[in-house]
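As structure tokens, here come the structures.
Both complexes below contain chain A, partnered by chain B and then by chain C.
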Partner chain A sequence: MVAFIRELLRYRTEFRIGLALVAVVLLLSMMASFSPYPPDSVYVVPPDLPPSLTYWFGTTSRGQDVFWQVSFAIRNTLLFGGTVALVSRLVALAVGLVSGYKGGWVDRALMSVNDTFIVIPLLPILVLFYFVMRDRISWLMLALIMACFGWAYDARLIRSVVMSLRQREFTQTSLFSGMTTRQILTEEHLPYVVPILFSTTMNNMVWSIGLEVTLAVLGFTDINTPTIGGMIYWANQHTAMVAGIWWWIAFPTIAVIMAFIGLFLLAVSVNAHIDPRSRLWSTGEAS
Partner chain B sequence: MSGYAGYVGRRLAQFLLVVFIGINIAYVVTHASPIDPVEQSISAVTSFGNTAPDAIEQMRKSLRELYGLGGTPVQQYLTFWKRILSADFGPSLSAFPTPVGTLIGRALPWTAGLLTVSTLIAWVLGNLLGGLAGYYRQSRGLKLMGVIAMGLHPIPYYILAMLLLILFGFIWPVLPISGGATMNLPQTLTPEFVFSVLQHAVLPALSLILIGVGSWFLGMRSLVSNVLAEDYVVYAELAGVNSWRILTSYVMRNALVPQVTGLAMSLGGIFNGAVITEKVFGYPGLGSLLVDAVYAGDYGLVLGVTTISILSVSVGVLAIDLLYPLLDPRVKVS
Partner chain C sequence: MHASVEQPHGDQEAQPLLVVRDLQAYYRTSHAGVRRGIRAVDGVSFTVRRGEIYGLAGESSSGKTTLIKSIAGAIKPPLEIVGGSMEFAFLSGYGGLHRAARAELERIRWRHLSYIMQGSMNVLNPVRRVRSSFVDFAYPHIGGSLKQFEQLVVAHLARVKLDPSVLTAFPHELSGGMRQRAALALATICRPGFIIADEPTTALDVVVQKEVLGMIRGIQRETGSSVLFVTHDMGVHAHITDRLAIMYAGRLVEEAATAEIFRNPLHPYTKNLISSLPRIGEDAPRAGLAGAPPNLADPPSGCRFHPRCPLASEICCREVPVMREASSGHRVACFAVNGGDGA
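So, the complex of A and B:
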């Protein structure tokens, strides 16, 4: 694993840039613990000040320091993405491993359901969900709902990896040496699935954070927990763009775009590095 | 069953399954929540002032009927399906007494048009450029395009649409940023109206295309570099087939097959993007209708748009699936 990361660092520019972006965003989110103000109190600083040495990112019309708000927001947003990714990984792994290894009618049945979940347009369903729940919606609830939908595409990827692993000799050897299906899947196949699991985790976070930002901007989430989308929502409510308070929208947008591109580059570079052909190409070119 | 008929049969079955599961999810979401939507609506209405108690009682009764909450759970479930199969979502509350069906019928062509055109442009452009970038790896211009695609692709639709809105609405106002066509034109096929529709569609379509091109570009580039290593390509090169022919009818032709499957699979996601883009640009399609219905508390309309969305995306996927054998004749034999 360490060798794998070292190789990535050495040969993949995308990985280095992605890592740097994610590191900056993580650092920003960790700053939230040192905030002098609680995240939800308003009118703690003079409103509508442009970026200055005292208020690095300026202040909002609600009298909040944009810097600390962005810090809280990006922390909650990353936590949200992480939760969705973690829960949906469990489902994707279970479905992908079983479907790829078992084959036959189990595979066909699971993949029919899987394809259904890939195709269904999620946004209208999430909006319907918000419509029914209204103010009672919490971010954990939203994360769980998204996790219920976010596993399907990755389950398909994992399945295809396991399908090819099943043809390999070591699977037969473990089978004949008396290992159970569960043992073969978790002890023999799982290690091969880990890199692709990592890249799908990053992609899944990009996906769920994007949806959360979208819903929050429309006001369809718990708008009192500061998230990136929530910040943009409040800025729109105060017509920040028209009033010329651009920093209220610009800084959260920049932060979230950095997170997106960073996570995506990590996913892409790991994906490219798993593929031996493309690995040979990039390492050959670099040396 | 074998051959094309069997393939069509399997695709149809999958289509029915998607619709069935989709509608069931909509049912579960609306009926299994711990919160009573009727009481929610009533408290929203009564919070604005005094309402007579018997009026509230009456409202509660008619709302229960509207939400299909009368009777046993089995009856509720059957009522739900009956409404959806007969496409009867009742009158819209926010545009009373226009039926929900009429509102959706008015919005659907806008969304379908925007989505079809922008998806096609993005798909064709992305695959063409991605194919070239995979084949001519050393080209600097195409490499730069790869970097741009990587930067654009992960940005969510909302953020990109907002950036375009700021760019073309405030900084360089050359394009209309809101609406589907100029208001005072009669909605007939006159040149002015068509021009106005096209002009209004530029920005929403552009935001969909910019993100779409990136993902098709990246996918096609890696597919092409895999196909390039295949024996038949090496053989064709050795046999002296000219390189343009190798690229178009050997490499791209084969790399396109998974991209068609990819199009079918990502249709739902593209639809999500269109919903948001419409809202940002005030485009009069399903997306704006859905969001405005939520703000207005119009249950029938929200449910109607959700079901129609599931249905129309599934139809789109089915259409792509049925065209698939044209590109990959192998499915006819297997």
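So, the complex of A and C:
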């Protein structure tokens, strides 16, 4: 693992940039533990101050320090995206591998469920969830709901890959050597779909964070938990842009864009490096 | 490729390794209520002795692969065994691998029976190192410590002239010939008594082919195993097999020692097949056999070769010729050779 990361650092410029960006964002999110103020307290600092040496990112109209707010917000947003990605990847992987390998009625049953999830319009459903649950909706619950909707496309993608792997000679050989279905799927096919899994994880995080920001900006989430979307929601409520409090919107936006780009570069470079063919190509070219 | 042929060696009286009796394997499909049956293997009987390389020749779509799939027990719908039996020396009482109990299969796989597949250079998982393929496929059948297993693999790789460093390589880093040899090592590492080889050298050029064939021969001699060797390449058969069976449209038409088949083919199909082979020094154009192999969904009545046969008579259209011994160890299924009544 260490050797792998060292190789990545040495040969992949995207990986270095991505790692730097993600490191900055992670550092920022970890700072939240050292915040002098609880995240939901208001009027703890003088309101509407521009960025200065005392208040690095300025203060909000609600009397909060933007730096600490961004720190809490980016932490919650990353946790949210990570949870959605993790849960939905597990479902997508299980459904895709089994459906693609088994075929027949198992495939038909799983894919009819899968297609149902693909055609459901997501945003109205999430808004509906919010109106039914109201204040009981926590970020964890929202994450689980989105994970339930986020696996379907990628399960189909993984299924299509496994369907072709099923016909390959090495699968026939594993079958002939007496490996069980579980062993074939986890030991022979899983390594093949891991790179795909990486890039879909990235897409999924971007999708879920984006959707969460959308919902939060519209006020359809638990707005008391600071998230990037939640901060923008409050800034809009206080007409920050009209009042000239640009730093209230600018810093959370910059933070989330850094997270997006950093994660994207990491995923792309790790993805390219996991595939032995493209790894040889890049290391061969560099050395 | 020279045509030196070894005589069958080993104890002729010993119990045969595999006896196939009247095997019928059909592909049965049902589309929109219309049922179709492809009679890919129809009434095939033969015996593989201990310590011999038994060749199976035939053109594409003559049922070779279906036959060995059936023998290997790799039977998935729509393929069905309709009749007949396959008795192995190491597995009695089931009439074929497809009916054997799971525990029995676990015991047999790899240790007694291994399978070099068509396109065998692709049996290694492309995204895992060669070592992982060995561990996944063969280790469970050998047991012991992983370290011992690795030593065994390295020793066995030396037999196919591969460096131990291939174990840490990915399959795409090896040449086709190296992958082929790795696949061969993988199939033979447990010294199985019976190896099924389905066109193991088809994708190789003749130089590498000869090398790989020599290795198969060497390992077979060393372990005393039997090989069922399938290819459409008569040159390969002449080079490696002890006895040879010719298959046409799902049935065996002739079987004899390989040298005998090349020297004295009896069945009209075999005669045409042998005379179509180019010989050094002859530059006369070869005459082809008119017609095409039959559609096995609707095969010709009687002898399946009769529409193309120069010797066909009226009985050939009505009755199915059975395999009869024309001379010692030389069986042929043809009315013109065996006599008109087919009895």
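In this text, the second predicted complex is superposed on the first by the 243 of 287 C-alpha atoms of A that agree within 3 Å, B and C clash if a C-alpha of one lies under 4 Å from a C-alpha of the other, contacts with A are read in each partner's own complex, and residues count from 1 in each chain.
Following the convention adopted for this analysis, a residue touches a chain if its C-beta (ideal position, glycine included) is under 8 Å from a C-beta of that chain, and two chains touch if they have at least 3 such contacts.
Owing to the predicted nature of the structure, the values given are computational and were not obtained by experimental measurement.
Peer 1: Aligned on chain A, chain B and chain C: do they clash or fit?
Peer 2: They fit side by side.
Peer 1: State whether A:112 touches chain B only (first), chain C only (second), both chains, or neither.
Peer 2: The answer is first: A:112 touches chain B but not chain C.
Peer 1: For A:133, select first, second, both or neither according to whether it touches chain B, chain C, the two together, or no partner.
Peer 2: first
Peer 1: Quick check on the superposed pair: does A:188 touch chain B, chain C, both, or neither? Answer first, second, both or neither.
Peer 2: Once the two structures are laid over each other on A, A:188 reaches chain C alone.
Peer 1: Quick one: name whichever of chain B and chain C touches more residues of chain A.
Peer 2: B
Peer 1: Going by the contact rule set out at the top, does A:167 touch chain B (first), chain C (second), both, or neither?
Peer 2: It touches nothing on chain B or chain C.
Peer 1: With the two complexes superposed on chain A, say which partner A:33 touches: chain B (first), chain C (second), both, or neither.
Peer 2: neither
Peer 1: I'd like to know which partner A:179 touches here: chain B for first, chain C for second, both or neither.
Peer 2: In the superposition, A:179 touches chain C alone.
Peer 1: Which partner does A:125 reach: the first (chain B), the second (chain C), both, or neither?
Peer 2: Touch status of A:125: first partner only.
Peer 1: Just how close are chain B and chain C at their nearest CA atoms in the overlay, in Å?
Peer 2: 7
Peer 1: Per the definitions at the top, what is the overlap between the chain A residues touching chain B and those touching chain C?
Peer 2: Correct list for chain A: 277.
Peer 1: Provide the residue numbers of chain C that touch chain A in the complex, in ascending order.
Peer 2: Touching chain A from chain C are residues 72, 74, 105-106, 109-110, 115, 117-120, 122-128, 132-133, 136-138, 140-141, 170, 172-173, 186.
Peer 1: Inside the complex, what are the residues of chain A that reach chain B?
Peer 2: Spelled out, the residues of chain A in touch with chain B are 14, 112-113, 115-125, 127-134, 136, 153, 206, 209-211, 213-214, 217-218, 220, 232, 241, 249, 253, 256-257, 260-261, 263-265, 268, 272, 275, 277-278, 281.
Peer 1: Under the stated contact criterion, what part of chain B meets chain A in this complex?
Peer 2: Touching chain A: residues 14, 17-18, 21-22, 25-26, 29-30, 33, 35, 37, 40, 150-151, 153-159, 162-163, 166, 170, 218, 222, 225-226, 229, 264-265, 267-269, 271-272, 275-276, 279, 290-291, 294, 299, 302-303, 305-306, 309-310, 313-314, 317 of chain B.
Peer 1: Which part of chain A faces chain C closely enough to touch in the complex?
Peer 2: Within the complex, chain A contacts chain C at residues 168-170, 172-179, 183, 187-188, 191-192, 276-277, 280.
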